[in-house]
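Here come two complexes built around chain A, the first alongside chain B, the second alongside chain C.
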Partner chain A sequence: MATKRIESPLPGVIYLSPAPGEPVFKAPGDSVAVGDTLALVEVMKSYMPVEADQAGIFRGYLVETETVLEPGEPLCELEV
Partner chain B sequence: MSQRSISVVKPGLETTVQELPGRIGFLEQGFPVSGPFDAWSFRQANLLVGNDRDTAALECQFLGPTLRFDCNAVVAVTGADMRPSLDGVPVAMWSSHVVRAGQVLALGPAYSGARAYVAISGGVDTPVVLGSRAVFHMAGVGGRALVAEQVLPLGVAGPTTLDAPALTIPEALRPRFATDRRWDIEALAGPNDDWLSPEAVEMFFSSDWAVQAKSNRTGIRLTGPEFGFAHRAIHKNSDHGQEPSNIIDHGYPLGAVNLAGQTPIILVNDAPSTGGFINPFTVASAAFWKLAQAKPGDILRFRRIDRAEAGRLRAELGRVTSPGVTALA
Partner chain C sequence: MAPIRKLLIANRGEIAVRIQRAARDLGIRTVQVVSEADRDMLAARMADEVIVLGPPAASKSYLAVDRLLDALRDSGADAVHPGYGFLSENADFARAVTAMGRIFVGPDADTIERMGDKVNARQAAIAAGVPVVPGSEGRIKGLEQALSLAGEIGYPVMVKAAAGGGGRGIRVSHTAEELAAAIPTAMAEAKAGFGDPGLYLEAYIEKARHIEVQVLGDGEDVIHLHERECSLQRRRQKVWEEAPAAMLDPGLRAELCASAVRLSRAVRYRGAGTMEYLYDPGRQAFYFIEMNTRIQVEHPVTEMITGIDLVREMLLIAGGGRLRMSQEDVRCTGHAIEVRINAEDPARNFMPNPGHVETLRLPEGPGIRFDEGIYAGYRVPPFYDSLLGKLIVAGASREEALDRMAAALDGLEIGPIATTTALHRALVQDPALRAGEVSTRWLETWLEGPGVAAIKTASGT
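Moving on to the complex of A and B:
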């Protein structure tokens, strides 16, 4: 097993749950399949999903919801 | 002669064809002027590839496209640093590059700034709609954002292009992007500053305003302190509407800081031309490129200028985007 850091694919505001008040997309220990949504990035009035490109076990988010991230900045970690 | 073209492999995030001066003369029918948001970077890209500076080129927003060339061409990428590569090999921004038929130009996300421009020798030759190739994506005027597998026709390139030496824009003549996420934006008071309290006018020019993610080519939406209003905004004929920021429908100037309730929205290239909110301030056209390159969370500070200074800034922008600013790479 190795730890993989998932980065924001583009600059914007990160949301860790699908809507305010709802649970986060993934909790530590959850299994992750390819294509699962890990977070949303908001830019230009649109929400772009950040999708897993590898399966694994979710380890945790590295940022709070509504953080502004630059491309390449780490968002969360997976055990792959 | 066969048609020159490029094919869209990946479209990026709302990549559009833009052209200057934009769609002029149809505001009264509700058509915005559109055109490149950062005209400084746009024009320098065109100059690098030997085009007239106002020629149709691509505006890439936050995440750039991947394009396959169906013909030889000279290209240049300017504006936001999207780390362009040609067949996987990184190429410099702000410089001209010869591209051979079959090669692939790929742009990534914006690592600095928000909008990049891709100019191609001969220009993009999409159909002219109401006098311009500029795309108003939201209403589909002049086309829409690029989609995968779309083929973009190119115009006829000048005779010099492929053999010409590589060109660059000297760093001192490029727009300087904020590295601390703070931007000084030149703005004028008016037309409706007299609907705000004098304290609110001072507050606007002395406060930090954060760019919201809910910003696009229609408007740059800001978060900041609350506005106070003048007597005339509160005690007015009911035709004007109920909110202090309501006014009987009027024309909106390009660059207006439009106050909807307590949310200032700067009206930019694809903005509506009329409506019922006051416009207490107006951003100078020479500062638009900074609005184009500000990212969500960036801070704007507005510096009060007068019309004479706005004119000087506009003339200066014209000079740094004129033929002759390119240098041998």
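Moving on to the complex of A and C:
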């Protein structure tokens, strides 16, 4: 097993749950399949999903919801 | 009211630049408010003063009424131009500005409130004798009433669940037989889907075109500056606009513009406003849908055919001036087209594309205008809408304008971020668009069909 850092593909505001007050997309220990949504990034008034491109076990988010991320900045960690 | 001497611009991007230019033209000093992400935007570079409102999120900057009112007080500006979007149609903001003894560049708060509400605006239209989409004005009371009403309106008609929303629970009928069959089913579906069998009935517009009339008023008198057609839309966002609406016959066009003047006179409109209509080519009829009580993105096409600087007139009227022209003075010369250049990649389902603008080459020449919000070296932030600028051309005829647009698009270069330039290069060559055979659903259908290959070719990928 290796730890992989997942980055936001686009710059923007990160949301860790589908809507305010709802549970986060993934909690530590959750299994992740390819294509699972890990977060939403709000870019230019559109919401784009950040999807897993590898399967694994979710380790945790590295940022809080509504953080502004640049492409290449880490969002969360995955055991793959 | 005295003429404006110092103007606060409560917006960003290309419209803030546009307002800066109009203000400078009139010798008005400018105060540009910005979010922390917008300190280096073009309008901030042009302004006499810059005030930082707060963090990038619009709710903490451009929509934060208290911060804007503080900036207004601290700067000593005597007026606010709200642009479009953000607080431009917020009656409470307009009221608060006026309560501070400053000028809100636009209609008074009561007019914003009244015309901003779709139901109130529809009632005002009916009272002013302006046609609205004919329908049941409430629930239909049964099959017989529905059939008699549909007979009056003319087919096709649609029934929709009173409790439904969006496009759900809508059925279209082309004949009385179809309607008689549709109603019991639609009622059962409405009951099952929404717990309420109530149905509305209204005219169904097969190939609706979006037409709008520009009005300008001083609170006493109102004139129109002719109409625009904005049928090319994606996800209800306009992408391509023209003036005038070339396919309307002259009699209908005159009636349309007169109806917009009637309605805006009835509300003693002050400032620039737009009456939006749907045009039904089948019934050859136009129907009022709503009013926008502000300047619109597509105002330049109107400026190109009339020679009237709308933002300048807004500022003069807000400063207490009367209309400087009568209806007879307003000419409509030639044809103008505007395309919206957005930071979106049309070859990748319009994926937003913020980032650095390294190359910027703008087309120039007679009949070409570019209203820009960017410069070479500017970094487009990800927090706001994707509009980078607008390319506007005018020609003696629609065909000439189309050809000029094609040439101007060839001369436009923005890189390396992807923009909608490729979309417009493909559209300007499309035979159906050139023939004017479009409707509000045309672009989305085109994007799923011939548009895919056309955009790929135009973007050279």
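In the analysis below, the second predicted complex is superposed on the first by the 80 of 80 C-alpha atoms of A that agree within 3 Å, B and C clash if a C-alpha of one lies under 4 Å from a C-alpha of the other, contacts with A are read in each partner's own complex, and residues count from 1 in each chain.
The definition used in the following text is that a residue touches a chain if its C-beta (ideal position, glycine included) is under 8 Å from a C-beta of that chain, and two chains touch if they have at least 3 such contacts.
Small disclaimer: the values here were computed from a predicted structure and weren't measured.
By the touch criterion stated above, A:Met44 is placed in contact with chain B and with chain C alike. Using the contact criterion defined above for the overlaid structures, shared-chain residue A:Val68 touches chain B and also reaches chain C. In the superposed model, A:Ile57 lies in contact with neither chain B nor chain C. After overlaying the two complexes on the shared chain, residue contacts for A:Leu10 are found with chain B and with chain C alike. Between chain B and chain C, B touches the greater number of residues of chain A.
Comparing which residues of chain A touch chain B with which touch chain C, the overlap comprises 10-13, 42-46, 48, 68.
Within the complex, the chain B residues that touch chain A are 13-14, 61-63, 108-111, 114, 213-216, 295-297.
Chain contact summary for the complex, chain C toward chain A: residues 56-57, 343-344, 351-352, 354-355, 382-386.
Residues 10-13, 42-46, 48, 68 of chain A are the ones that touch chain C when the two sit in their complex.
Against chain B, in their complex, chain A makes its touches with residues 9-13, 42-46, 48, 68, 70-72.
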